[in-house]
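One structure, pasted below without further comment.
Per-chain numbering from 1; labels A, B, C and D assigned in written order.
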Amino acid sequence: MIVIMKLSASQAEVTNVTARIEQWGCQAHISEGEERTIIGVIGNGRPLDRAPLERMAGVERIVPILRPFKLASREFHPKDTVIQLNGVSIGGEQLVVMAGPCAVETREQLLETAEVVKAAGAKVLRGGAYKPRTSPYSFQGLGEEGLRLLAEARDATGLLVVTEVMEPDLVPLISAYADILQIGARSMQNYALLHAVGEAQKPVLLKRGMMSTMEELLMSAEYILSHGNNRVILCERGIRTFESYTRNTLDISAVPLLKQLCHLPVIADPSHGTGKWELVEPVGRAAVAAGADGLMVEVHPHPEQAMSDGAQSLIPERFEALMAHLAPIAAAVGRTL
Amino acid sequence: MIVIMKLSASQAEVTNVTARIEQWGCQAHISEGEERTIIGVIGNGRPLDRAPLERMAGVERIVPILRPFKLASREFHPKDTVIQLNGVSIGGEQLVVMAGPCAVETREQLLETAEVVKAAGAKVLRGGAYKPRTSPYSFQGLGEEGLRLLAEARDATGLLVVTEVMEPDLVPLISAYADILQIGARSMQNYALLHAVGEAQKPVLLKRGMMSTMEELLMSAEYILSHGNNRVILCERGIRTFESYTRNTLDISAVPLLKQLCHLPVIADPSHGTGKWELVEPVGRAAVAAGADGLMVEVHPHPEQAMSDGAQSLIPERFEALMAHLAPIAAAVGRTL
Amino acid sequence: MIVIMKLSASQAEVTNVTARIEQWGCQAHISEGEERTIIGVIGNGRPLDRAPLERMAGVERIVPILRPFKLASREFHPKDTVIQLNGVSIGGEQLVVMAGPCAVETREQLLETAEVVKAAGAKVLRGGAYKPRTSPYSFQGLGEEGLRLLAEARDATGLLVVTEVMEPDLVPLISAYADILQIGARSMQNYALLHAVGEAQKPVLLKRGMMSTMEELLMSAEYILSHGNNRVILCERGIRTFESYTRNTLDISAVPLLKQLCHLPVIADPSHGTGKWELVEPVGRAAVAAGADGLMVEVHPHPEQAMSDGAQSLIPERFEALMAHLAPIAAAVGRTL
Amino acid sequence: MIVIMKLSASQAEVTNVTARIEQWGCQAHISEGEERTIIGVIGNGRPLDRAPLERMAGVERIVPILRPFKLASREFHPKDTVIQLNGVSIGGEQLVVMAGPCAVETREQLLETAEVVKAAGAKVLRGGAYKPRTSPYSFQGLGEEGLRLLAEARDATGLLVVTEVMEPDLVPLISAYADILQIGARSMQNYALLHAVGEAQKPVLLKRGMMSTMEELLMSAEYILSHGNNRVILCERGIRTFESYTRNTLDISAVPLLKQLCHLPVIADPSHGTGKWELVEPVGRAAVAAGADGLMVEVHPHPEQAMSDGAQSLIPERFEALMAHLAPIAAAVGRTL
């Protein structure tokens, strides 16, 4: 990190700062500029906290130099991480599409959807059994019954199952049913939960918080990795902005930039990223063209009867069309579907 | 809610929508406009989900009419909620200042700070024992040892204690030590946690998420209220914007607007709201002038040694100055300190 | 528009509102809801101002129903607008790529770049002669000398020329040299300028403001259209968000949504939209996959010597690679390049 | 500025960067860190452009060190600028309140409002003669007739007059009528206009753009100052965020922070900053408590008949109440009203 001293900083203040840096076992490297003094901190390999220096007399501000993530960083791990799971490779040449209803509602709904998405080429079935809902009066999910239905759909179709886990105590139960544990956008900084899935034996799909920077997403991945689970999939699902014509603003640049910064697979969720079914296909195509390793898409056989997020779900015919139209885009970027 | 039909909607599509509305036991009220048809949904007292209508053929969009919160709403509960706690009234005429270190670090640090803030007029001691930190490599708090120190500081000073709870399982333990349970900004939509504190026997300080709307804050309060705990204090602590000179943008309008929309006490946190100690006093004065029922302020005897958030902590002398300068502002708006 | 009355509104207040609506020659359509009264305003064909009703006693808020743009709206003009310009069709089946340096710097730089982009398949040469710069100390452009160089490059290559116009007085001069007048992001709501280009005889490339909604972009297009110029091209170039790893957040959903809402051509600018040359190709591919009618891309033969925006400029080899990689994406969405 | 090299940068790349820096007549100061090399650029007094270095091989990113504004900076001009104008001091001990209608509509409306605000203690009359409106179909102002009415109101009351100028060509005309030239939020980066008012002989009220950082606001002030006009007043009027309960989010921290960074007077506009008349008083009190040198407030005798912004205008009685309630807040911060 770099310490920028105030224009008015005294020599004694500079000396105090360098003394503090050396106390930590670091080296202080002083540059006397035309207008102000700048002190580079040359580390000792351990992460440093900027706060103590920030408050010392004569200090104007601190500029961090290193990215704060290491395990997730491509600089320290240049090769792509490819997650192998029951014959499906996530992060490899073939794109992985995860599809299904926002929430598991009934056995019929789920099995019908599973058959449809399987037939169209999806590899993973999504569906919420425990649902985070803004309102306490909204449908909160079927709970364990939903998990049982997901497992039944897996048995019937051979699809892998991904479902959201919202609290640490549920990690063992959900791990017993699901193949991939999903951390939802609102839980991206639920550290107790990140800790718990970091110790689980299942891959984790980590969704970017709607209020989170890419750096924070990578730091949350770092939490999981640092607890020993290195099978993490990142998911861009839109951030919150001032624009109100869409539910969220899908940050398309995050797809290639996360791939550059990090070795983990990156997928995109155009359903939550837009909130409008009419936009799911064009934005899904865009994500693949930008280099995403897959998509997560909401599909519902009867979205006008859905208990949540109906407006962003594709009907089966449109999901089939999406898959058909993705194939040439995948080919154009050297991938298969 | 109101259903706005497309310009091109057919008569049959309008009929289908009204039929659906009536199936729910609601009334449909049709207005044939110059350009398009609008259908008002007159409810039956139960909350309605907009998603099913949103996907019906011929529907352009849905406009919600009612605020989605009820228990928190001043319309249904016009009188201010005042929380009485060991002789302190929160939400009454007297302002309540909560002060202390970001994190509990040592016995000396905590006791020294507690004495200082008590002497200057604070009523509540804040201090984190379990800390949400963006990085897995940062100090995570002292845990139960921190709780014990907080209880010791309470015994020594008579201050009430507020501390953050980050996971449902810790609610009983933290309730055994603290007087007020704090839900941090990153946990504002941790529904399992809201459920747990909703069933606790302690008042809850609910911080606004850094990218949450006021409506979402009130919905999270609604979760707690709907589980039976009606002692909730709202806290504006800054939202995330494009501005980078400050850590967050304290939304000063939220203070009077939350007071207008809701009957719960509203306080402000100018330490997190700005991230800079130089701004804590002017922004703290502003919050009181805008009608806040109190402030939460970080105070540290040696902020240059703090293990977190040193840059936004006041030294004791500056906290005393803040309290001295707040008094005439409080008087100017008809409050006492 | 719809008027939502307060829970506490009296019958007299409702009557006053309906009287006011009828004074305007509109009809008031009253719905007595379970909790509150809602009044639909059925217009007389002229746009209505919401402000007067908003302040009447008993009114809680106003909900607008109609989109405020008409000339730009696809509802009233279902067919795509295709702009024909010297043998180039903008908005048709063939994608149009506009490329060139951020600023015109020297004759050599511009001519070299023009040859390169022409050879790679661009149809339009971009280059700023008058530059909007945040700092008064930055390079402000070559002015009319820059325009002359652009004209010379057009004569040498046959490319069309697009360049930014920053003030109304310069519209005639820039129209004398350029084929397309560009309105930059910072000028999107410079109404005097919109008026001036609305009366010009040249097509206008209108860039979305970095913190403007799609609706505001369409309203700015409406200004130009309402002054008689119906050759307007919209350009998504990234919006400002809290994310700092990229210069702006390119709103990929805006591409298909603007195409759905509006009949005008829509292009994307991945150079400004990302601020990083490494992201220009993947985000440019994404925009084409999402349905953009073209791209605007910064190319500079020596970006490390560029006088502005070097970090987001492609070198010639990378621009050629972009064009080569765009072709199969274009084909995948049924377009040519 | 500081150049951060990539982990993988070669010695030759470092040498190239230092050679480039020295070509500019600057010094390069190399720090070999544990992981990467950092090069400090020690300037020669002229502003440097980061772009050329940003693109050199081996460079990861550039970190600017100096604030890019100088004439506006308090570091270089520690004393407060106080603008004297016909017996009114702006930026001195006494607060200055500017009040009046959003738009000048009629002679009666303007004169009635001017008398009311004068009697309540305002020193400056505001009112728009040329209005920036999002829609081409909205009322655009009375133009020169509005200017004449403002001058008449000044003659009748002795108030100073501030009104918006939207295009460079109108600067002479508006200067002939007004005492202070207002640059509206949408024009904050209209550089031709900043240039024109920088050469005018009138003080300038510069409103922060709704999408602009404090740094950009100060850079726009720098434009005006660098053209020779040093009588600039900054105005915080709310920024755009994701919150939709208010029209804008008034950035209260900007008031004290701009005062710390800059020597110019800083006022706040709680009318545009909130968009709701119910919030104007509490947020206006907050701005004064935070250290604002004054307020700009919309007042309309009949806001339900206003042709723009009626919802955020105070009626005369509420403006009188605001002024009465501001007085003790002003006293509490050592100011007079």
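The rule is simple: contacts are C-beta pairs under 8 Å (C-beta built on N, C-alpha and C of every residue); 3 or more make two chains touch, one makes a residue touch a chain.
Predicted, not measured: the structure shown is a model, and the values here were computed from it.
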Legend entry - Third chains touching both chain D and chain C: A, B
Inset, instruction - Between A-C and A-D, flag the pair that has more C-beta pairs in contact. - result: A-C
Inset, instruction - Give the label of the chain whose average Cα location is farthest from that of chain B. - result: C
Legend entry - Rounded Å distance, chain A centre to chain C centre (Cα mean): 31
Legend entry - Separation of chain A from chain B, taking each centre as the mean of its C-alpha atoms, in whole Å: 26
Inset, instruction - For chain A and chain D, let me know how many angstrom lie between their CA-based centres, rounded off. - result: 38
Legend entry - Contacts with 2+ other chains: residues of chain C: 211, 240-242, 244
Inset, instruction - Show which residues of chain A lie in contact with chain B when the two form their complex. - result: 20, 47, 49, 51-56, 68, 132-139, 166-169, 186-187, 189-193, 210-211, 216, 219, 222-223, 226-227, 240, 277, 303-311, 313
Inset, instruction - Write out the stretch or stretches of chain A touching chain D in their complex. - result: 2, 4, 7-8, 29, 31-36, 38, 40, 42-45, 63, 65-66, 75, 240-242, 244
Legend entry - Partner chain C, residues of chain A touching it in the complex: 211, 213-215, 239, 241-246, 249-257, 260, 273-274, 276, 278-279, 282-283, 285-291, 325, 328-329, 331-333
